[in-house]
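Input: structures, listed below.
The following pair of complexes shares a single chain, chain A, combined with chain B in the former and chain C in the latter.
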Partner chain A sequence: MNKPSIAVHKFSSCDGCQLAFLNAGEELLTLAGLVDIRHFLEAGVADEQARVDIAFVEGSISTDEEVERIRRVRENSTLVVTLGACATAGGLQALRNLDDSHTAWKNAVYAQPAFIRTLDRAEPVSAHIKVDFQLWGCPVNGRQVLAAVRQLLFGVLPAVVHDKVCMECKRQQAVCVMVTSGKPCMGPVTRTGCGALCPRFGRDCYACFGPADDVNTDALSQRLEGLGLPPADVARRFLFITSQAPAFHAAGLRHYRPGFVDD
Partner chain B sequence: MTERNVRIHVPALTRVEGEGSLRLHIAQGEIEELALDIFEPPRYFEKFLEGRDHAEVIDTVARICGICPVAYQMSAAQALEHAFGIDPGPWARAMRRVFYCGEWLQSHALHIHLLAAPDFLGFDSVVGMAEQYPDEVRRGLRLQGLGNTLIRLLGARSVHPVGACVGGFHRAPTPAEVDEMLAALRAGLEDAVALLRWAASLDVPDDHQTFTSVSLRHATDYPLAEGRIVSDRGLDIDCGDYERHFREEHRPQSTALFALLDDEPYLVGPLARLNLNFDRLPETTRRLVDATGVRFPSDNMFHSLLARAIEIHIAVVEAIRLLERYQAPDSPQVAVSPRAGVGIGATEAPRGLLWHRYAFDGNGIVRSARIVPPTSQNQARIEVDLRRSLLALGLDRDDADLRLRAETVIRNYDPCISCATHFLSLSVERR
Partner chain C sequence: MIKEAGFLARADLQTLLDRLHDLGYRVIGPVVDDAAILYRDIDRVEQLPLGYTDDQAPGSYRLSQVDTPRCFAWADGPHALKPFLFAPRETMWQVARDSDGRLAFSAVDPRPAKALAVVGVRACDLAALALQDRHFLDHVNDPYYEARRAGLFLVAVHCAYPADTCFCASTGDGPRATTGCDLALHELDDGFIVEAASPRGHAVCDGLSLRAIDDDQRRAANDALSEAAHRQFRRLPSTDLHNGLLARLDHPRWEQVASRCLACGSCTSVCPTCFCHAESDAPSLDGNDSEHLREWDSCFSAGHAQLHGFQVRPEIRQRYRQWLTHKLGSWHEQYGRSGCVGCGRCITWCPVGIDITAEANAICADTIEEAP
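On to the complex of A and B.
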């Protein structure tokens, strides 16, 4: 019997989401027994053009070369699954989209900017190709990734987590940091999946898993202002790791002035 | 006799962090062109940090690298505390060493087993290697897992941990959690000893060369989260003076910047650290190293893998030492009040010296940031090493041998291309 084949592709990113595989320990060897790994550069397998059943994609699309490459990934893969905030919502590097800052930033960092071929915008994978399933998180939760792989191998799309971090806090019986310490927690609008790590460590959630479904960002913005946050701070809360996710982008822009300048 | 003309192209190097390529062109038996191209797209961290609040810096810079986020967090924390005139105190300093030990363990074990060792044992990947060396691979994966567990003790998760803050940590582990961690570390010590001996027994090329080692140096301990910057050519400076001695230049083929010390290439990372700090090893580690018969300082770059294994042992021993005297603090962090100014931080990332400088306005908003990662410091050294390693091997060797040696040399530095914003692909060309 033919084993299902997978590929892991990297685009503009920190490599942290592919560590869901490389940090899996014994389960990495189990996975290698269950599937045929056809392309995974960091693991030592190179065949970018391989036809596969499932392609996992890390990173955002930020160069012409990446635009071409993600199209080839789509052509060569039955299912495309995005891993993490960069692939799913552009990631931190998409902050350059806010003010069309790309050219100015490139000229400031590089003595010879003509040799740098980045695009003006860093985009999520879904801006360029059809994506079959998205896993959120900066980084993705390794358990979630392996569970999704198992479900895909059984021929079903993985169950999607819709809950907010607040729900996870309740399940974990964590003390609410916003109610008890007035911290500007993003838990009420953020997708769970991390296990409510920040509130359990006594700090406010900073929304690294992106927006949950059906979020009331206006109510949270008002609450953040009620806690004393000036507009620029409210904007920073929404326009951070997943600034291109539509719900956060819209909520952030209502408080944003270019460069996060305050009134 | 005819001279071969060779052109080899490896468009995407495997078993390195990030994306890079190498072009090698040999004509009339001489190297015409040899370039390590890093084309990982830049993400402009230093620019989008401008305008962010000081409290966001530690969580932002972690995202430069998924393999060494703790290093970025620790250099940033030190720089911010320097800017604001804060001393986080002895508890936080000790816990930062523990936190950092977790990252060295995780990153070094990943590199040795998943990235580097397949070169020396004749495999394409760890999956193939695991069939013939199951015990060694499983031991490596256990040590990697132990490092991740240690990071989670203080950071909740091992990739982009959330526990560190300016002034200390958000949360102190409970004594019960520390006891559980100590038991795991003690159980892992045997693996670390066995790994060190195994790494010393690997058949690596006997390849001596001249290079300058640069690392931090600490008054009493092996350098991790603080120290002065020293070299084996007499440099001994405060990290605030880095920019007076080191400069970065931009070359066309690369999206990373090349750092030079007094206009010359230099080495950072495990071998450089060990060469400069052998007298700072824990006693048990030093005895183990002495018994291997390998002597440090070493001028064989291929001792880098052994240096990583030695540092894994240091990390386990050091984490045990610090956690054995653990006492829960009254508060895990000291108060922070931002002020205008410049702060500088330098720590030893798994891959070497990681230097940060930030300027803040009076509200604690970042006005400028400069980050010099280890891989851009090693970049010039890698190219020098590639050239002489290929000449030492012999340019008349067949393409597969040349390519494997070139890739082995590059991987030996454990380049972190996402950090350096560089990508490697190798093309060898003979005409």
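On to the complex of A and C.
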């Protein structure tokens, strides 16, 4: 029997999720024995047109060329799995969607904006093609990626992580930074998968794994306001890395005003 | 029965820790870490939270230092005894595939290398332990819990410093430790009235230099506990909460509390009696080995009420109601008492400060008015 084949495609992104994949170390050698890696630029394998069983996609769809390319990935792949916050929920670059600031930002950021050919909006992959499974995180957790690969190789969809970061904090016996220090932690609305990394080191979660299921963003917004956060900061807590996730998009926009400057 | 053993001068507290270590225990006690009082491994009395006290309110916990020679001048922090016995995450069994494709299952030995001795346990947590025993030992006969429970040695400290969120007096579980420990201490400025509550406790006392207790010390200790009970202003309704809550499943208050509730599971995780868990498998990447895991779950999690293909409790309202009606209501049917011991952790450690006593009182308000 032929080994299953995989590809890791890069779109608008920082490559950090590919690196989290590569960081798996010894497990990567095991993986190489289990699957044919046909395309994975950070690992030095390049065949963008390869037909594969599983395509992992890093990055959001942000240019005309990417709109075309993601369609070809879909056509060439049995399963498409998004890899990380950009591919799953837009990433940082999707902040330009918020108030049509694409052109203004482009002109402000680039020395020669005339050479920059980007779309007005940066979109999650699912806005353009059907996605079979989503992996969250900025970056993804390498262990979680390999666990998903294992389950896909067994022929089942990976188990969806439902829990909020709070559950993982408590399992790890990390002390709540919101309760002890009044830090504006996003853990109560954020999907776990990171291992409660930030709170375990005394930092408030900033929601890089996107919204958990059944989130009460209104209640958390009220709490953040109660901790003294002005509306601009409440908006930033929701509209940061996963601003295109519907629950965070809606919650953020309730506090966001176009052209926000620091209050 | 708890019996007075004698007075241990403050300067001799180290001898108690030494004695426990000498008897082969891994000694756990309260220390200040991550801005809270947590249970950690200790071997020196200097590690104890000398002079620390806490200020707890719904959704808020702050430590501060006060001018006292005492080491136990605080109410419980976030950690109960629960994580030591009902592990937050553990492997229950393993399976490996050999080269012929046969599967070999193997058990995990849950016995700890050393039995635990925990110093500083409060009455509420002893009551919670008795409830967890009823569940894990009598109800489900759990070998993992049992292995860790078997050698557990408990040094209670009667609680003279309840937090504003505490209500053990109203549940009848504190502030005095009356059962379930091996030793119990009343902390006074110059030392401890030591009480022994088990043969093992008496044996530990035999190695300590204890003096006679005088009546002033006895009176000071008892007065402090009476005050500690009177200082508590939160209480659960004194009515029949089983019938009271189950008769009010459509009360509008469920919706109101759901609008504030984050369904984050913090309350059930810090609750010393909640025992829900989820099981999952963690196969190795090559697919030849796998571990079967158990980890804490919560009735507030989406996965907890997910049956095959549908969600039993899709709304937060239903999840909060499930928790409260079970904890305060149907727990009576299962375990012969309420599942709440009044430790107040769910109030303090709720990120938005939802107060179980306020909710229970609001939902049962009309029965309270009817009461004579």
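Miscellaneous remarks
The rule is short, and it goes like this: the second predicted complex is superposed on the first by the 258 of 263 C-alpha atoms of A that agree within 3 Å, B and C clash if a C-alpha of one lies under 4 Å from a C-alpha of the other, contacts with A are read in each partner's own complex, and residues count from 1 in each chain.
Just so we're on the same page, a residue touches a chain if its C-beta (ideal position, glycine included) is under 8 Å from a C-beta of that chain, and two chains touch if they have at least 3 such contacts.
Only a predicted model underlies this, so the values are computations on that prediction, with no experimental measurement involved.
Aligning the shared chain A places chain B and chain C next to each other free of steric conflict. Residue contacts after overlaying the shared chain place A:D214 against chain C, while chain B stays out of touching range. In the overlay built on the shared chain, the residue A:V175 is in contact with chain C alone; chain B does not reach it. In the superposed pair of complexes, A:L22 makes contact with chain B only, with no contact to chain C. Of the two partner chains placed by superposition, only chain B is touched by A:Y110; chain C is not. Of the two partner chains, neither chain B nor chain C is touched by A:N2. By the document's definition of touching, of the two partners only chain C reaches A:K164; chain B does not.
Look at A:G202: by the touch rule set out above, it reaches both chain B and chain C.
Once chain A of one complex is fitted onto chain A of the other, the partner contacts of A:A43 are limited to chain B, with no touch recorded for chain C. Taking the Cα centre of chain A as vertex, the centres of chain B and chain C in the superposed model span 110°, given to the nearest 10. Chain A has more of its residues touched by B than by the other of chain B and chain C.
The superposed arrangement places chain B and chain C with a least CA-CA distance of 9 Å. According to the touch criterion, the shared surface of chain A, contacted by chain B in one complex and chain C in the other, consists of residues 202. Partner chain A is touched in their complex by these residues of chain B: 12-19, 39-48, 50-53, 56, 59-60, 63-67, 69, 106, 110, 114-115, 118, 123-127, 130, 137-138, 141-142, 144-145, 148, 156-160, 162-163, 165, 170-171, 249-250, 252-255, 257, 365, 418. Residues 10, 12-19, 22-23, 25-26, 28-29, 32, 37, 41-46, 48, 62-63, 65-66, 91-93, 95-96, 101-102, 104-106, 108-112, 115-118, 122, 138-139, 194, 197-198, 200-203, 206, 208, 233, 236, 240-241, 259-261 of chain A are the ones touching chain B in the complex. Residue ranges on chain C touching chain A, taken from their complex, read 33-36, 38, 59-62, 78-79, 83, 88-89, 258-266, 269-270, 280, 282-287, 295-298, 301-303, 306, 314, 316, 348-349, 351-352. Those residues of chain A lying in contact with chain C across their complex are 27, 30-31, 33-34, 146-147, 149-150, 153-154, 159, 162-164, 166-167, 170-176, 178-182, 185, 187-189, 202, 212-216, 218-220, 222-223.
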